[in-house]
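Shared chain: subunit A. Partners: subunit B in the first complex, subunit C in the second.
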Partner chain A sequence: MLGPIAQNLVFGILVGALYGLAAVGLSMVFGVTKFLNVAHGELLMLGGYASFWAFTLLGVDPFLSFPSTILFLVIIGVVLYKVLFSRMVKLPEELKIRNTLLIGFGLSLILQNLALRLWTADDRGVTTAYSGWAITLLGVRLPIVRLASLGIALVCLLALHLFLRRTYTGKAIRATVQDWEAAAVMGIDIHKVYLLSFVLGVALAGIAGTLVSVGYSIEPSMGLHWTLKALIVMVLGGLGSIMGTFVGGIVLGVTESAASYLIPGGGTYREVVGLVLFVLVLILRPQGLFGAKER
Partner chain B sequence: MLLAFLALLPVVLKNDSIINLAILVLLYVMLSSSWNILGGYTGQTNLGHAAFFGLGSLATRLLWISGWPLALSLLAGGFVAVVLALLIGFPAFRLRGVYFAIGTLALGQILFVTVGNVLPQISALPAKYLASYELLPRYYLFLGLAVLIVGVASVLVHSRLGLGMMAVREEEDAAESLGISALRHKLLALCASAFLAGLTGGAFAFYHVGYYPQFPFAPVWTFDAMMMAYIGGTGTIEGPIIGALFYVVVKELLALKLVEFHLIIFGILFILVVLFLPGGFVEAWKRVRKALARQLKSFQSRPSP
Partner chain C sequence: MLEIRELDAGYSDLQALWGVSLQVQEGELVALVGPNGAGKTTTLRVISGLLKATSGSVRFQGCDLGREPPHRIVELGISQVLEGGRVFTGMSVHENLELGAFPAKARRVRAQSLKWVYEMFPRLEERKHQRAGTLSGGERQMLAIGRALMARPMLLMLDEPSFGLAPLMVQQILDMIVEINRQGVTILLVEQNVRAALELARRGYVIENGRTAGEGTCDNLMDFECVRSAYLG
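What follows is the complex of A and B.
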């Protein structure tokens, strides 16, 4: 009798981990550089397609092709930053956010249609030999692939957390978040920090995309869906806290699952629940669950 | 002049596909101009514009099919959109800048998904309407509404309210300090934008024989309208018109070659405009004219040999 509820909860947590990972990527970019890259979902999609190609063209297991996927996305990130976003660095914050929002839209349009040309509109996914395996714990079925995704997400976040807290570069990034002008005066190369943060965010999106391609499916129009999820979780968790953002992802995942289970016919309203939650948080508690109250 | 040309177009060219193309251009002109009132002149990026378009189309379609006269159905569509605008305006305008943008994006998505769930079946014209379907009156409806919407936008922005809206766009806090109520102007712009988008939706509902009620709520309508306004030039009256025309022309030119390639080109152009030419084609044209005028002057002031 606890079975379906627990199962529901677990699936919510598992998908929430991916939401959290995607959101942390976006948060890395937005938190540090104040670029609101709404093409984040499309970059996630590119990560998924990269692992798809590695699997179908070269036969490489998706969990092993992470390095190449990350490299691919790092290159894309560097190119995008140098060509597009670096011009926005010196703008005042409001203009910076708005312009990057617009650039992100143009970019998402381009990437969406490129994906359409390259991979057609069919749903794609990576199905390995072990894709259907699951372990059953206390009556709850845990698919191996999604468990691994949760594990990888946690590892990435831990690594990121340690990087930001324990390394000099991480400290430089945090200093830039607090006050980029002061950081510049202190001798921190802002452009390097921005580039690094942007690329980190893009790489995280790529990792999340790979996990989505293995555990779920990818198709050219998924970008907006994932960008929205990342945005929602970023706002829900609050800027400035990686673990907080991740928890926000779990919260969204569980809320969606619970709502689709409890509301009759609720499966179709799954997305709406998240969006309504988002709007409520925006209006009532804009700093999110764990963010610092900045306004 | 241009209006006469447009008015006589279907009489001269009895080509249905050209008339349909013209209707598409007019539709985008209307959608883009209505977005421009809030987005271009008041500086509030509304990413949920499709909600007004969709709601207007939904209301008009339901009323018209159930027997209401067309004019009333259209007006009802507009008013329903305004009701939504007022409902979401008060909470939404508590959000500044980018938070308003993503908040409206979320609201638009909520409506999109909800309508798709509540009304999943296609809306088809009943036999009696289908039999009496004529393209020409629909063309003239679109033309008339487009003229109306551009006209309303023009009158609005040249009025004192328009100045207030632009003041809010430039520097909201400074405007407030001068006694311009930012909230009032934003709400007004939102309602005007919503009403006109609702009318556009109504025309859309009148024009299409069959479509899914969810379709006009799709975010693509907002993004297309927004990009046309930017490429043409936000904050101008001609901008959305130029953008709409450009979009449809490019799409048709490329339609035979690579499908959807026009969107990639559009995306690139959009990015170029945002990066280098914030005033769009209108600004580009102004710059060219200025450069030419300067050249002419330097020719004239050169001493004769």
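What follows is the complex of A and C.
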């Protein structure tokens, strides 16, 4: 009897890891720059398509094409920042959020249609020789591709955490988040910090996208879906804590799975669960599960 | 060293400075006093690059600072201790100080700078690994000043360093400022605590309503009606 429930839970955790990864990317951008890039999901999609192309056109295994996918997305990130977002830096916070929301929306439309032209509306995915392999532990089936994704997500987030905590540049970023004027009069180039954070966020989206293309599937309209997940998890986990956001992702994944299993006809309510959770968090604990309370 | 001429500046539609002019020579300790909201902080912000002037000029060692971003101005040798002694509360004292040496020039001599700052503020060394958020007001102010010093500035600007501190602490901080000046750092001190500021500085400017209302050595600044009436009752 434990079987199906445990299976559901596990799948929830595995997809939750990707939710968390996507959310940390968005959180990295929003937390530092206060840009609300709602095209985050489309950037994730681009990461997926990049690894798709590397696989189908060049025969490179998706786990090996990470470096090129990341590089591709970094370049896109730099271009997008310089062309679209850099003008927003000086604006007051409220305007920043609103304007970047608009820009992000437009960008998402452009990217969706670009994807439609380049890859058609069909679902795409990367199916390798080992895509179907799974190990079975205590009656629960664990697809190794998704397990590896969990591992990679954890490694990435740990690396990011260490970067922000231990390196000089990482501390400069944290300082900027806390008090940008104090950081500026200390000699920290705020523009560089913004650019770096933006690019890091985009790169994380790309990594998440690759993992989605291997473990699940990608298609041109997936952007909004993933942006929403990222947004919900970002709010759920709270700004300022990478591990907290990741746990938030797991929470969402597990809650969705549990709901679709427990509620009769649950499959259709899967998405609703996330949105209900979102509203509840905003009402009951707006700083998120692990967010710092407003000082 | 620092020369400001006819500076106009403001925030969106609100003009805050009208033709402010002042000068600081190398090695001096100059005070900038005036009532709340007079424009003292605004002046410092223009010098630091946080605010752009609408007209007038700011020249530092002959260079026009007008178009420079704040981090470049730090590299050129000006450090500011912001109002309220803002420190990065989430990091330790040591991390705060290290971060203070961000400009490349300062980074190279970071170890020596740290020694210098810890010698000057032994309290900070005692609390090296403590989170800055747990420090007392006076300690935070010391940390903020120490952090600004880590950038090895030629000109150090302090915005109301005595604000909100107990009298004993105020005296300590002011003594430190004199010592820092004695060690060769030029100082521009903005203070509401006029008496203290004028005791320290040999020369000062009075700003009122966004205009330079007066300038002089500290003896004859006391002659200014505005200084007397505003602060000495």
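In the analysis below, the second predicted complex is superposed on the first by the 294 of 295 C-alpha atoms of A that agree within 3 Å, B and C clash if a C-alpha of one lies under 4 Å from a C-alpha of the other, contacts with A are read in each partner's own complex, and residues count from 1 in each chain.
Keep this in mind: a residue touches a chain if its C-beta (ideal position, glycine included) is under 8 Å from a C-beta of that chain, and two chains touch if they have at least 3 such contacts.
Since this is a predicted model, take the numbers as computed values, not measurements.
Visitor: Who does A:Val78 touch here: subunit B (first), subunit C (second), both, or neither?
Guide: Once the two structures are laid over each other on A, A:Val78 reaches no partner at all.
Visitor: Could you look at A:Ala6 and tell me whether it touches subunit B, subunit C, both or neither (first, second, both, neither)?
Guide: Neither subunit B nor subunit C is touched by A:Ala6.
Visitor: Given the touch rule stated above, what does A:Val185 touch, subunit B (first), subunit C (second), both, or neither?
Guide: A:Val185 sits against subunit C, while subunit B stays out of touch.
Visitor: For A:Leu91, decide between first (touching subunit B), second (touching subunit C), both and neither.
Guide: A:Leu91: touches no partner chain.
Visitor: With both complexes overlaid on chain A, does A:Ala172 touch subunit B (first), subunit C (second), both or neither?
Guide: second
Visitor: For subunit A, what residues appear in both contact lists, the one with subunit B and the one with subunit C?
Guide: Touching subunit B and subunit C on subunit A: no residues.
Visitor: Can you name the residues of subunit A that touch subunit C in the complex?
Guide: It comes out as residues 168, 171-172, 174-175, 178-179, 181-182, 184-191.
Visitor: Within the complex, which stretch of subunit B touches subunit A?
Guide: So the residues of subunit B touching subunit A come out as 45, 91, 94-95, 97-99, 101-103, 105-107, 109-110, 113-114, 117, 219, 223, 226-227, 230, 258, 260-261, 263-264, 266-268, 270-271, 274-275.
Visitor: Under the stated contact criterion, what part of subunit A meets subunit B in this complex?
Guide: Per the touch definition, subunit A meets subunit B at residues 36, 84, 87, 94, 97-99, 101-103, 105-110, 112-114, 116-117, 224, 228, 231-232, 235, 268-269, 271-272, 275-276, 278-279, 282-283, 286.
Visitor: Report the residues of subunit C in contact with subunit A in the complex, numbered from low to high.
Guide: By the definition above, subunit C touches subunit A via 48-50, 69-71, 74-75, 79-80, 82, 86-91, 95, 98-100, 102-103, 106, 147-148, 151.
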